[in-house]
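Heads up: the structure comes next, in structure tokens.
In order of appearance the chains are A, B, C, D, E and F, and numbering begins at 1 in each one.
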Amino acid sequence: MSRIDGRTPQQLRPVTIERGWSKHAEGSVLVSFGDTKVLCNASVTEGVPRWRKGSGEGWVTAEYAMLPRATNTRGDRESVKGRIGGRTHEISRLIGRSLRAVIDYKQLGENTVVLDCDVLQADGGTRTAAITGAYVALADAIAWGQTKKLIRPSRKPLTGTVSAVSVGIVDGTPLLDLRYEEDVRADTDMNVVCTGDGRFVEVQGTAEAEPFARDELNTLLDLATAGCADLAALQRKALDETLER
Amino acid sequence: MSRIDGRTPQQLRPVTIERGWSKHAEGSVLVSFGDTKVLCNASVTEGVPRWRKGSGEGWVTAEYAMLPRATNTRGDRESVKGRIGGRTHEISRLIGRSLRAVIDYKQLGENTVVLDCDVLQADGGTRTAAITGAYVALADAIAWGQTKKLIRPSRKPLTGTVSAVSVGIVDGTPLLDLRYEEDVRADTDMNVVCTGDGRFVEVQGTAEAEPFARDELNTLLDLATAGCADLAALQRKALDETLER
Amino acid sequence: MSRIDGRTPQQLRPVTIERGWSKHAEGSVLVSFGDTKVLCNASVTEGVPRWRKGSGEGWVTAEYAMLPRATNTRGDRESVKGRIGGRTHEISRLIGRSLRAVIDYKQLGENTVVLDCDVLQADGGTRTAAITGAYVALADAIAWGQTKKLIRPSRKPLTGTVSAVSVGIVDGTPLLDLRYEEDVRADTDMNVVCTGDGRFVEVQGTAEAEPFARDELNTLLDLATAGCADLAALQRKALDETLER
Amino acid sequence: MSRIDGRTPQQLRPVTIERGWSKHAEGSVLVSFGDTKVLCNASVTEGVPRWRKGSGEGWVTAEYAMLPRATNTRGDRESVKGRIGGRTHEISRLIGRSLRAVIDYKQLGENTVVLDCDVLQADGGTRTAAITGAYVALADAIAWGQTKKLIRPSRKPLTGTVSAVSVGIVDGTPLLDLRYEEDVRADTDMNVVCTGDGRFVEVQGTAEAEPFARDELNTLLDLATAGCADLAALQRKALDETLER
Amino acid sequence: MSRIDGRTPQQLRPVTIERGWSKHAEGSVLVSFGDTKVLCNASVTEGVPRWRKGSGEGWVTAEYAMLPRATNTRGDRESVKGRIGGRTHEISRLIGRSLRAVIDYKQLGENTVVLDCDVLQADGGTRTAAITGAYVALADAIAWGQTKKLIRPSRKPLTGTVSAVSVGIVDGTPLLDLRYEEDVRADTDMNVVCTGDGRFVEVQGTAEAEPFARDELNTLLDLATAGCADLAALQRKALDETLER
Amino acid sequence: MSRIDGRTPQQLRPVTIERGWSKHAEGSVLVSFGDTKVLCNASVTEGVPRWRKGSGEGWVTAEYAMLPRATNTRGDRESVKGRIGGRTHEISRLIGRSLRAVIDYKQLGENTVVLDCDVLQADGGTRTAAITGAYVALADAIAWGQTKKLIRPSRKPLTGTVSAVSVGIVDGTPLLDLRYEEDVRADTDMNVVCTGDGRFVEVQGTAEAEPFARDELNTLLDLATAGCADLAALQRKALDETLER
């Protein structure tokens, strides 16, 4: 089977990770997975939420949102509706948990990093692109915090790296990194978040139409593990470049 | 290792499924997984949401909530706060998707079933108890709809059964159906929703502390699949009894 | 005239008061007036709201709510609507005032008791059942606070007991403790809250159809006073039993 | 005992009822009970809420609010807080019910009257002043509707008149029409709404400190009935004057 | 061209400024520009918002609102809608900025004055009437603060006076102080806020239909400057009278 | 005086207008005024809001928002706060009015264009950049509508062009197109919206510190008129290029 854009089933879309996109944020990454573009800004502030004060430990959290016309038809703004939808809540929580999986709170000290992941253009996989980009923004923000002596330079708040990818079964074929058109046709849809050493942080599989069997699950996990490893390599490469501030 | 309540790692808590709990709802189940008690009320109405009108297809949705003192310390009411939290949204969506996985919309006709899952007492596993109980309430509601001729008696809106259970790794040991005290100590926490024929509807695994390896994931899936099968048997047994209305 | 359920005009429905219903709350009562079932959970916390700090006096408040399918047709959740309705506000305030009428704030010390009254099934008289059950939950919560030394054992924060009942004129006949079907047909509807010594805490009479005359008011007050005395006896009996925690 | 302002216990404050206060509203009354000033505007619109369409019957409803600095210390605006408080809800509902008690919906036809009662200055008794003034505004609005042929001139949508007054026990003495300073010192506080023929529409008595006995209740009802009769006379007098539009 | 009410193009409507309208507020002015009536209450409190604490400087802010039936057709209450509209926000901010333009924060000391401008009846120019009246209420509130020694009597928190007026081009003719009927027909609509010495605090011109040319702008500014000077004289005259408290 | 970035007082920052930025929107422009970057997406839908149906006339509206980290310190999301702030409301309304000034509703037919202006990075002048970019997106959206035959190709819904710029007095010097650092130091701040033929659509001048005199106003208007003309030329140049879809 050939995919809409000519990729093989095991192939990621072209991925770009542009660091230093915004001049204000301590870490700022414009990540793209094909036509999906997410701006990930990391904001560092001294201090932690009230329930964590005096613990000597830091905090990392995330907020995800879509611009109203990131998608093919315009969606109403959640600020205008006066409430955040379930999907937005769910993805914000997923991104936050994923990044916290590679954070050593003690090493971070009583500092907070907020990751704002705003989808500028959507074409499937916005949450996995957001996690992958937000990790790079987080790494830049922590490096900034060490330069500014908010975080002691000898400390290592990051215990590993984290990346994410979607997989799904479309017309019986397991595919990596679904575009929107593939996503809507998928029977099963899974988002997998891995650390750089190939372990799992999150596995979220959903039967959209037919329930899926154990061997299908296994095939999807194989695909996703390989995809996450490719993304981890791209993250490393992006971080190896010098960031001018 | 012996568990707090003396269970083996592969053992469910005592499960009860009490049908016909409320006199008003078309399906009403009080389900308990040990000290976790969830009231699952199914409400049937003719007609569907606007976006589905004229399709000839029905709709099933769910709302999950906790009483303020279902937990050990009182939580503020979401109605008083004026907004629904992310966790509530996430679980409501999970329950709805799980039930829709065994619904044939065409067979349901243009009818809507709303499942209200209200946690009266919580001790871990509220979302899995809710799914397990809500399935039984849904089955009763559909039977009611067929008695009332809203749904043609010859139709089969249910394509299977669905149940759910939590699994996790606590102090290195994989455990089935975690109580609250086990849940807070778990390194990895997974909720698995299965159909009665042993396939997956949802797999949601989260590394709470350490990322988890593929073999740990496999062990957890084995545990969960067996647990869901036990629950499916209990659901069948409950539905085999005659419900007096 | 014979009533739907065969009661005499002066007769209460079967009343049950089940203490210790939830394992978490400091006081937990499932009260039923016939098919009306209300779960009343009392939560004790050290400290008082900001405006009362340093006064040496405690505080008691209440929140009332209905499960969406407590009634014959499903009502939208107030948490989903994002706002609390007038009826909910009104009843929450009534319950709080009624309980505060038998509290000596000085004796309570700087502690707060919140009474959550959640209607699990409704068939008329939910607010009066809530007050009657909440008093028992409050008494249990205070006893708990004395065991835990939050409140000195020598103190007497309760200055009396409080119970409540509805009365109304249906087809010209004054009736005690209206069921839903009677309530909707009533010309006049009154809720009366009494102390155990027969005095009034609240009298709320409303002409639903015809304004009512002074002698009708008097007959209704007679009925209600007797009904509250019966309820007070049931409360005493329930509290005389030993509560195992 | 002499009262702060020299009144006898049975005496109303000076009451003024100024019709035609606003040029826009179909009925517009500025009512004052001493220093309590409430602007009552009645708005007539053709048609009724959706749930009443096609019934041939009209609807009357009310909204009560206070200007932020109507009271001695400034209160936050409910529009700024984004939610209506329990007290506001409760009083709005009371005013609506009171006016509907003298409305014959059939005679009103499918028209809606909304009564906006905005407290410009508060000194106790704002809800009773609002009801008393709103009745006059409602009468003017109905007359306007008959002039404009929205309501057939031969019809009589008003079945009677309605007025309201507060009573309370202060330092052991029952008093009519409490000012704010008296209100805060009252042991028992009651609001009574009567029709012009002396029957009751609403009786709402609350023990603020001590529960009250049956004979105290009787004394308060005597006082209130006489006060409402005085107010009914003032309403008639106001309505006897010609209103220039 | 003769105007609806016979005024010349350069003429204000009859303006009244009634001080001491409410007995509670520290400054209370009922201002009318023809049929537009706005109640402006100034509330003084010790202390400033958190972000200004310890600065030794005070704060002045304003909130504008309309009664639901201030206009020809009833508008929904913003408190009921649960959100403040854009127009309300915009005008509240304009009034606040206009008054702060004549405040010396240092001289005011750490005190806050809130100006509540509630439109009781609207006939065009509500925001300009509000600013003009609010200035007088602010002056009274500051004088009160000096009497009460909240503000040292030697200080001069007011650096000038401020008034406002609307101007517009209707059927080609530039007009001062538009009534509602003129306002809706205006091609260009401008609100101008001036200090007593004839300088500008705010100039807000909007092309409602046709864009306007520079010479039209100049003519409107001439009209507005003269109108503001007339209003400043009326403010001075009102403040020259003795205010009994 | 030399400016921070070396510009003359009469000079705009480098302006870029990138059309076709997003693949989804009917018109999509990324506009930058120096470091201020605003994404302006125009969405075309058939039909108009309810109050305009059947008029044969179209509608144009706008929504403005800032990403949380568009600024130097992170701002809370308005969707999370559950309400839109006054500044956001004000600017959204300004952009909408400015674009409607060059729209012939009849020629547009019953179609709606929504302009979403999301600030990705802020450095002063976000509202003027938004108006300038939104005009270009609007022109592209209308051209799209004509290609798709939603709007008849013979029609001319645009009656002119519109652009906007800020001006202000900083340390006594009138400056064009203020950066953030200049804006916070400005005594007077003015936003001016002009049509391509040099007439005014909006003039909004605010005294931030000192009131401003008539001659200062004149100088600022001269500066702004010239700046808008430069922007109009840049808009024309951008629109002259071919847009590939």
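Simple rule for what comes next: a residue touches a chain if its C-beta (ideal position, glycine included) is under 8 Å from a C-beta of that chain, and two chains touch if they have at least 3 such contacts.
What you see is a predicted model, and the numbers here were worked out from it, not measured in a lab.
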Neighbouring chains shared between subunit B and subunit E, ordered by label: none
Taking each chain's C-alpha mean as its centre, the one farthest from subunit C: F
Centroid spacing, where centroids are CA-atom means, of subunit C and subunit F in whole angstrom: 59
Approximate Å spacing (C-alpha centroids) for the pair subunit A, subunit F: 33
Centroid distance [mean C-alpha coordinates] between subunit F and subunit B, Å: 51
Multi-partner residues of subunit B (at least 2 other chains): 82-84
Pairwise touch network: line, ring, star, complete, or other: ring
Neighbour-by-neighbour ring order, given that subunit A leads and subunit F comes next: A, F, E, D, C, B
In the complex, subunit A residues that touch subunit F: 22-25, 28, 35, 39, 41, 43, 45, 63, 65, 67-74, 77-84, 88, 114, 116, 118, 120-122
Subunit B to subunit A touching residues, read off their complex: 83-87, 89-90, 92-93, 97, 101, 160, 190, 194-195, 197, 199-207, 210-214, 217, 221, 225
